[in-house]
Amino acid sequence: MKNVVIGRYIPGHSFLYHLDPRTKIMALLILMAAAFVVDDIMHLLIGLALVIGVLLIGKISIKRVYLGLRPLMFLLIFTFVFQVLFNRQGPVLYEETLYYSPITIGLVVLTVVFWGFTKKFIRFRLLYFLLMLFTILAILSLIQEPLTFRTGAFVVHEDGLRLAFFIMVRLIIIVTLSTILTITTKPTDLNLGLEQILKPLKLVRINAEEVAMIISISLRYIPTLLDEANKIMLAQASRGVDFEEGKLKEKVVQIVSLLVPMFIISFKRSDELANAMEARSFVPGQPRTRLHVLKWKLNDSIIIVFSLTILITTIMARVLI
Amino acid sequence: MQPMISLEGVSFKYNQSTEALKDVNLTIKKGEWVSILGHNGSGKSTLSKLLVGLLKASEGTIKVDGIVLNEDTVYDIRKKIGIVFQNPDNQFVGVTVRDDIAFGLENLQIERQDMIKRIDTYVKKVDMFDFINKEPSQLSGGQKQRVAIAGILAMETDVIIFDEATSMLDPKGRRMILSYMRELNKEGVTIITITHDMKETIESDRIVILKNGSVLKHGPSNDILNDKETLEKSNLELLLPLELMHHLEQHNIQNERLKKHLWQLSLNG
Amino acid sequence: MAIKFERVSFQYKGIDNKGYLALSDVNLQIDKEGEFITLIGETGSGKSTLAQHMNALIQPTEGRISLFGLKIDSTTKKKKKIKLNPIRKKVGLVFQFPEYQLFEETVEKDIMFGPKNFGMSTEDAKRKAEEMIEVVGLHKDYLSRSPFNLSGGEKKRVSIAGILAMEPDILILDEPTSGLDPLGRNALLEVFHRIHTTLNKTVIIITHDMNTVYQYAKRVLVMREGVLVYDGDPLKLFSRGNIDKWNLDVPDILSLTRDLETSFNITLSPPPRTRQDLFKALEEALS
């Protein structure tokens, strides 16, 4: 849990921190839209370069962003491999015959098992995973012997490779942009920004202020609830619940022994909290003044204009070319 | 002078069968400090919830500052009465100390400039200025209760109810909250403490004893504190010096100087 | 020695790796039987952390603990072979809020939960539940009730019965009387006293109530900012120097005793620890 960087604010002092949260949310949406509009790999790479530029100017360490990307690595690689293997369009770039025999398949299984056991000890897991894929490919293409019962082909088509690369870059851009938002914006400011942006939803009977209040209280109580869950776990552990072991049936009881107290305590807590809020003159849906107000500055306008320019340019590029 | 709070024939039923409060009559004057004493389940907390309109009386009338409490007036009445609850964690609404104190002010639609001034004044009053940007998970129970008090002080209510507000705190936290009660009462705030700790009642002007939902007895603190029979009937304990005094009387040990001394001691806490 | 702490420290991992030292260099020994200990200290002084070490819920980051002969240190968690569960049966820990543990449909099932986890048969666990509900001062009728429809004091008793049913050698209670009215508090303290005297178990009570400390404890542990600053006799603890040094509340009985002794120039001996003792001593001194 501790290594999840998505959604975690890291204090800092660059211009990104001083932007209005509304600006950052809107710019994120606009630029994400632009990333989806682009259909040329070169343009997308320019986009990536721009994003990296923002990271550098905004003094956000690229390592942080990489940590944010890490949980998504599997998705990225999966998309890449899937596209490369199964997209059969465009000219052939590379072709290799694969030989399936009991021996090669056995070796492949061994490789996977070996990888599964050793990956824990390897620092660069991603590279290690790719290495495994290459090893499998090498086994299947290089070992030819009489027991071969079937041959197949490993073909890389240009479109597949191109699309795979394209999707990957697009994903990286989008995730990096979102990470910039969450790293540089306090959850409370983010919430306030969202509330302001969602205000027009009043027309469809969604009260942005109430939604924001719910989010704000959730933010306030998440640490409390985690702490509580931990204590309940300890309390049940002291009654002999071994959370690390147990058959399925025991596991069910273990989870019930956690969830029931959790539910009952939360219910009581929300009841008391509602009382406390009401007693302090809170009336849902009533207008309130606010301690925190957002201030729109020149920088904010510049960023929005800049983002819009990028979106318009990408649309133009797509329509005209 | 009209009373700050008056209850006439107030009853409350949680459901058809169980009556949490029965025919409670009570008046509290402006600037008074009243303790409501009672065992667990005596109806103390029900009473405090009725006063701020969190529950609706099944019978009887509640008046606050001359206004009859009903659905239309409840919001005005809440501007006059603040309440500090028992659990420090379940009344901290804001993400930080500053935000929490602001919460009530935002609800009252106080102008932002005024809000900032009031937060500054009252956070200092409860000695929490150094913690103004802290999150609740970084505070002790006593500190959270101080923030809760600041939040209510900032709303500048006439009455503050302390609903077992010290029962989850350590001795230091408890002493601190008691000292704020004292100070506020001196400044003219009407204080209602709901408790089963005799020591918290010593300084109050009057004590009301609740038992199984009814007022068993009420009167000046000095009388009630010394009323062994009533206290024992309601699962409460006499203060030690007073119990000793009764013991001496029972055993016909006459020592006027000792008696006077014990009485003085109990009044000084 | 049932419990032995040797230079035990414990550091909580905080956000952005700023650790928080909850225990610092604690040395301590506790017997399996016959001790009645109170553990006091301000909120956040490390009392609960200390208690959780005593039944291996958490392991020290430095130093060693021996629990009924089982050695525990910072490497214990990683060694899968070491079974901590048997220790948790021997040292029963009742958490501050009964809501943390009650979850079954009936009181009986909830009391049986612990013993069954430690391998007791259903029949035996049932018998234990019937026995323990009375030990904590509730009628057998409670067994068939839902634990969620009880009053605060009753829930506390049920949660204590649930731990007692595991037949621990040592019973630790984290603020067992907070929030109870005087009658409920005294009744519960009598229950602990009875468990201590009749079952000869070591009882450790974490509390803020100095009267409890003074009336019941044979030994007091004082925690302050993670350090065990006092381990010894309650009488000596409340010497004038210590009260100032650690900002302690003085027990009612002691403050009254001292006051009477100076104001009336008498000596009350032996130093009274209960209300009854005080009355008797005063009568004697006056006559």
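Labels A, B and C are assigned to the chains in the order they are written; within every chain, residues are numbered from 1.
Basically, a residue touches a chain if its C-beta (ideal position, glycine included) is under 8 Å from a C-beta of that chain, and two chains touch if they have at least 3 such contacts.
Here the structure is a predicted model, which is why all the values come from computation and not from measurement.
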Response to the item:
Overlap of the chain A and chain B neighbour lists contains C
Worksheet, complete the sentence: Two candidates, B-C and A-C; the one with more touching C-beta pairs is B-C
Discussion item. With centres defined by CA atoms only, which chain is the most remote from chain B?
Written reply: A
Worksheet entry | Gap in Å, rounded to a whole number, between the CA centres of chain B and chain A | 49
Practice prompt. Please report how many Å separate the Cα centroid of chain B from that of chain C, as a whole number.
Written response: 30
Worksheet item: Between chain A and chain C, what is the separation of their C-alpha centroids in Å?
Response: 46
Item to complete: Sort out for me which residues of chain C touch chain B in the complex.
Response: 42-44, 151-153, 178-184, 186, 208, 210, 247-249, 252-253, 256, 259-260, 263-264, 275, 278-279, 282-283, 286
Worksheet entry | Contacting residues of chain A [partner chain B, same complex] | 187-188, 216-217, 219-220, 223-224, 227, 269, 272-273, 275-283, 286-293
Discussion item. Going by the contact rule set out above, which residues of chain C touch chain A in the complex?
Written reply: 52, 55, 57-58, 85, 88-89, 92-93, 95, 97, 99-103, 113-114, 117-118, 148, 162-163, 166
Worksheet item: Which residues of chain B touch chain C in the complex?
Response: 38-41, 86, 140-142, 164, 167-173, 196, 198, 235-237, 239-241, 243-244, 247-248, 251, 253, 255, 258, 261, 265
Worksheet item: So in the complex, which bits of chain B are touching chain A?
Response: 49, 52, 54, 75, 78-79, 82-83, 85, 87, 89-95, 98-99, 102-112, 115-116, 119, 135-137, 151-152, 155
